[in-house]
Amino acid sequence: MTFEDLHLGSIVVSTVRNAPVLIFAAMAGLFAERSGVIDIGLEGKILASAFVSAAVAFTTQNPWYGILAGMAVSIALATLQGYVAVTQKGNQLVAGIAINIAMSGLTFVVAQYFFQQGGRTPDLGTARLPYVTLPGSAAVADVPVLGWIWTQLLGGHSILVYAAFALVPLVHWLLYHTRFGLRLRACGENPHAADAAGVSVERTRYTSMLIAGMLCSFSGAYLAIVQSGFFLRDMSAGMGYLALTAMVFGNWRPFYTFLGCLMFGFFTAVQIQLEGVDLPVVGRIPGALIQMVPYVVTVIALAGLMAKSVAPKAIGVPFVKSR
Amino acid sequence: MTTNDMPRWATGIVLPLLNLLSALLVAALAIHLLGEDPVDAMRILVNSAIVNPEGLSYTLFYASTFIFTGLAVSLAMQAGLFNIGAEGQMYFGGLGLTLAMLAFDASLPWYLLIPVGMVGAALFGALWAFIPGYLQAKRGSHIVVTTIMFNFIAASLMNFVIVKYLIPPGEQNTASRVFSDAAALPPLNAWFPALGDTPLNVSFFLSILALVIYGVFVSRSAWGYKLRATGLNKHAAHYAGVKISAMIIVTMLISGALAGLGAVNSIMGSTHYLSLNFVGGAGFVGIAIALMGRQHPVGIFLSSVLFGALIQGGFDLSLEKPNIPTETFIFIQGLIILFCGAMENLYAPVLIKLIKGKKG
Amino acid sequence: MQPAVEFRGISKHFGAVKANTDVSFAIAKGAIHGLVGENGAGKSTLMSILYGYYNADGGEILLDGRAQQIRTSQEAIRLGIGMVHQHFMLVDNMTVLDNVMLGTEGGFRLAAHRAATEKKLREICATYRLDVDPLATIQDLSVGAQQRVEILKQIYRSANILILDEPTAVLTAQETESLFQILRRFKEQGKTIILITHKLQEIMDITDSVTVMRAGRVVGAVQTAQTSKEELANMMVGRPIENNLPRAPYNPGKPVLEVRDLQLKDSSGVALLEDIGFTLRAGEIVAIAGVSGNGQSELMEILSGMRLPTSGAADFDGQPLPYNRHDADGLPLVFRDLGIAHVPEDRLRDGVVKSFSVMHNTVLGYQDHLKGKFGLFDFKQIAARCQELLKEFDVRPPNPDLRIGLLSGGNQQKVVIAREVLAQPKLMLVGQPTRGVDIGTIEAIHKQLLALRDAGVAILLVSVELEEVRALADRILVMCGGRITGELPINEFDTTRIGLLMGGMHKS
Amino acid sequence: ATPKLGIVYDAGGKFDKSFNQSAFEGATRFKKDTNINFIEVQASSDTQAEQVLRGLARKKLDLIASIGFAQTQAVQKVAKEFPNVRFVLIDGVAQGANVNSIVFKEEEGSYLVGVAAAAASKSKKLGFIGGIDIPLIRTFACGYAQGAKATDKKAEIVQNMVGTTAAAWNDPAKGGELARSQFERGVDVVFAVAGGSGLGTLQMAKEKGKLAIGVDSNQNHLYPGTVLTSMVKRVDNAVYDSFMQMKNGTWKGGVTAKGLKEGGVDWALDEHNRKAITPEIEKKVLGARKDIIDGKVKVIDIRTGAACPA
């Protein structure tokens, strides 16, 4: 294998395919955190919704029911976080970590209880989402470049991939161009100001958590129903933390966060391609070291390129009307 | 009346107990649904983790590691730094310790070997925390992100080092060679035979010592004062003359060293070799412990013991009740963290009413 | 006629603190009503209850004769109540426009009403002669401008009852005057205004009636026309206030601080300070007067070591101050050790750690002096020291274990000043020492500063209050646009001339 | 008398889609055949392995099967303390007269599926997906490469590892993604040795109409038609046999290396992949199988320190 074997096209397509898990979760985190609630519980929500999506999709043999059920569970968890953060005024980090740990255990136990396959759900078989074939794919398939763009890059993905990419401008719009977004941002920056302006901080934060829960469920559904076709214990494999990273990396702004997600997707794809390849100068990098490429790149990017990240000011602080 | 002016016995004992009880109640429900008797399960759990001396000794063995990782996270938290990287730091500390052992375990006597191992662990753990600390202090790179990244990087690097350099030729196990006997921490059962054949060792006392030092330094020393000021109000800390970047870096160094010291108990106290993934989540448990224990030495100790007990008791319980998989206890851990750490004031309103009512 | 607002028996306590006890009084429609009282008298609490921010433990509020339940700010807003809080309620990283729209967006899509709102804001600004750019971001605005935004918000919402909680604390005389212009217009329109202030002259200038509170209770309610500053002061603190504090004759010693040619540029190269040079001698108070935002804060930061100048030097006690470093990390400690004490102008940001106890806050900055063996504190000794200090400076309540955040602003300030005085400095930098502080406390603080001067300490005072400058200073420097535009001795004190210098008119 | 038997899984757990699960199946089959029960536990850490082994030994069990090399040290230590208890260690070698260490010649089985892969491949680009880069997985990879190269000198092998932490065994999304990327680079047969992550690989092959090779247990039935074959490693037999020997009183300590000849490893041919295995492929595989058993072909085991020749 030589350096030329790096398949750029394949890397790009793979980036597109890898990104949705992160995009959904990171956008979820964005809603929670811009409203002032730290969401370190993304991982647990992804895992829970992945399990429920897969389990219900399998049982009903309908992926859409799976997605809906996953959404319900993820929203329930997000509401629990909201309850802790808003009503109980408890520690949001603790709540998130608790959810991550609890879900790691619970999904296994429940999966084992129902399916007896070691915390795995049975194969979804046909109960998965179809891939979208763009019109005219057959016609252009053999045209160089254009064919690849139309059938591989733009076409041939699950509907959730399109949803993920469409989500970014939508989130941007919601955040910066609507009443809800204005109130949400205000609650994350200075809830006292929002409150004094007659905005209910509680209501806004709960709503944001609801949205966060909903978006996060797609991440899980994508993992289980689209990418794998079944649920496996702990299959979120750190995605929630990576999404959080992408969000911080993107300075809590939708578009930059999206770039952060793409960056992870991209470097994961590059890392896959780099394994066993003789690179100029450095030669063949050992597999275990190649695994760290995406993470090292992130650290370098954070240290070298980015300005200081500025979190929403009121993040993590329960809103209490008092000195 | 708010929780702030409730009597100490109420906030310190009654509320936490009520919360623990709630978590256990939910856990009991889960166990019931799994088809086992919750009361019986609880009895086995308590028996095996606390009552039985050998079980207790395992509980304390696990707690010794958790105290170190919990302290690591707590210390950083005092300075307003959320160190998610204790996992990687402990992993790296294990490497430092192992390198020291591999170099010296044939030549040095135990009383030198043990300190050398500890220094190696602390040094490497600190090293692994240094870069995120430095980047936070000098470049403003978010410590949460960098420490998460450093966990991943540590895993890759350790995988590489162990497989490439540390596995003795011809061995299957992804672990270094076993150290000489001189490198073993004295087990406590030498003095207390009742503890049985368990790995509980002097590092338990070291962890208690670390707790005491932590408690004294954070709440009573000038350094701890500056540390907390930095965590609570950076502007005021700067005004007070604290060198903020140095404070961040030093705090991360000590935090990393503490996490690294967590490896001493696991490796020199029990396995006597470094193996792949030996940390097994102790660093993440440290986060939970720091949060649940409110960064207070007593809180850290109690939560560490609680988590140790859950591991030990849960393990025995799944042995006796095959219907309850070990993973159930991961769920229960989560529940306890949720109730005791995040919803700590769930019963405060009720309790306030009760206290008030009594006073008339 | 029905009073616009009537409080009947309002009570509110926080834990053991009784912030309001059986408060009853009424405010006539279309009146400007003053509310005065010492720090911690319960003024803000009462207004917060009216605004739905807190719920009273007992009592009721009547609006236009009708009892109203005001449980949330939304309900208050709906009832036509607007409030300008003591601490601004603005979202720093948003524009003025967004801050105004927040809560009154007028529809789901912001764009729908954005243009109209902006237009209306510009109209309001024109009508009321408010100098605010609707598209500016809050954090780029001066305090005065932020204050105007708060007013703008209320005008936009056309509140009928407007509460202003110490709106003038951070304003210059001119700014205060233009605020009062606006309030008078409101009054003409029949709106009711409640004004809280510690400056009794303002009460006399603009209000129709006054309520005086002390320790949570109403201790007096009078028509402004029938009272005087002295009488009000007497009601507030229970004793007469001395207006002109006695001072020893001006007798400056050797130079303590010699500043030469200080320059400061921000990261984008804009000059914040230019050619600053002056000398400060032992036993004198030099006041820097000026509209806030003209470089005074930066100068104080540089002189206290919190910030490095771009160039220039300053000699302290004949030795150059160590500015030759690459960052200011840790520098304040070096300066403090040399004998420079600093009362920062933003006490909540720089001067205290809110969640530390009062005692812990008395250690701030001096932690390394107070530590003993192994770097550990002797808390018994520190507590004793603190207790003494609280007594000497009359901090209320004198409880060293209370979180300092729970003290009133004036009392927090007393703790900070006490801490710095106790260090027995050679040079004392004092920024806005009496901002938001009641008259009794102002008197106490002024006494402390004068005593310090008489003891031979050099004091550099930054204040926007010309009254304060006049009461304390031996010499006055005026700053404008980052430069010193003039200097005059106290016996040439002349408001008009200072005003001109503050506006940038150079030494003639 | 009926022997008292125990089985200790390593951190992967008894449903790891790998050797633990295989051991579980062997024990279960034994139970069905003999009606003799066994105790099973999972040891999540090296410390726990020692704890549980000692605990079981104290219960005076006759035979304890320890699954996975991670338990090597623990077995060695506890076996010394309890000379009357017998131990079977799977995948590792521990000292002691009362220990039977069973290791498998994974390289031989992998060689066979390498032959099958090279014979079935049209592009002559073969893929290998491992869980973590450790000697055991490398042994599979090297055996596979040797078989492939022996069948077709031009065969090229693309190799990827899923990750570096325990999560790498439970990441089907990545397992699938790696396979997809390999397919895009022209690979048309992929061998997955990655526990649960390998399921993602098999699934992806099915989706892309490529061939995949399963591991450990016979995974041919998962996606009939696109699972070319499986490299079976008969941990189940090893456990079953040990239990049976214990029952019959023929149990012996020592080190047992189980290769093709001993039935420890093999390829899987059944009704599910019957169609995928053409007579030509079958002939090549069977030929190689015979050569190895006869000793005509020596497959290099990299664990002995030898470099991988392919």
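Brief remarks on what is shown
When the chains are written out, they are named A, B, C and D in that same order, and each has its own residue count from 1.
One rule holds in what follows: contacts are C-beta pairs under 8 Å (C-beta built on N, C-alpha and C of every residue); 3 or more make two chains touch, one makes a residue touch a chain.
As the structure is a computational prediction, the values presented were derived from the model and not from experiment.
If you take subunit B and subunit C together, the chains in touch with both are A.
Within the contact network of the assembly, the step distance from subunit C to subunit D comes to 2. Using the average of C-alpha coordinates as each chain's centre, C ends up farthest from subunit A. The interface with the greater count of contacting C-beta pairs, when A-B is set against A-D, is A-B. Remark: subunit A and subunit B have CA centroids separated by 29 Å (rounded to whole angstrom).
With each centre defined as the average position of its C-alpha atoms, the distance from subunit B to subunit D rounds to 35 Å. For the pair subunit A and subunit C, the distance between mean C-alpha positions equals 46 Å. In subunit A, 112, 119, 233, 238, 286, 288, 291-292 are the positions where the chain touches two or more neighbouring chains simultaneously. Within subunit B, contacts with two or more other chains are made by residues 152, 155-156, 159-160, 163.
Contact with two or more other chains is made by residues 354 of subunit C. Chain pairs that touch one another are A-B, A-C, A-D, B-C, B-D.
Note for the complex: subunit D touches subunit A at residues 13-17, 21, 133, 156, 158-161, 163-164, 167, 170-174, 176-178, 180-181, 184-185, 196, 199-200, 203, 222. On the side of subunit B, the complex with subunit D involves touching residues 58, 61, 152, 155-156, 158-160, 163, 167, 169-175, 178, 197-199, 266, 270-273, 275-278, 280, 315, 318-319, 322, 326. Contacts from subunit B toward subunit A in the complex involve residues 30, 34, 82, 84, 131, 135, 139-142, 144-146, 148-150, 152-153, 155-157, 159-160, 163-164, 284, 287-288, 291-292, 325, 327-335, 337-338, 341-346.
Across the complex, subunit C meets subunit B through its residues 15-16, 304-306, 327-334, 336, 342, 344, 349-356, 360, 363-365, 367-368, 370-371, 374-377, 379. The touching residues of subunit D, counted against subunit B in their complex, run 11, 39-42, 44-48, 50-52, 54-55, 69-70, 72-73, 81, 91-93, 103, 132-136, 163-166, 303-305.
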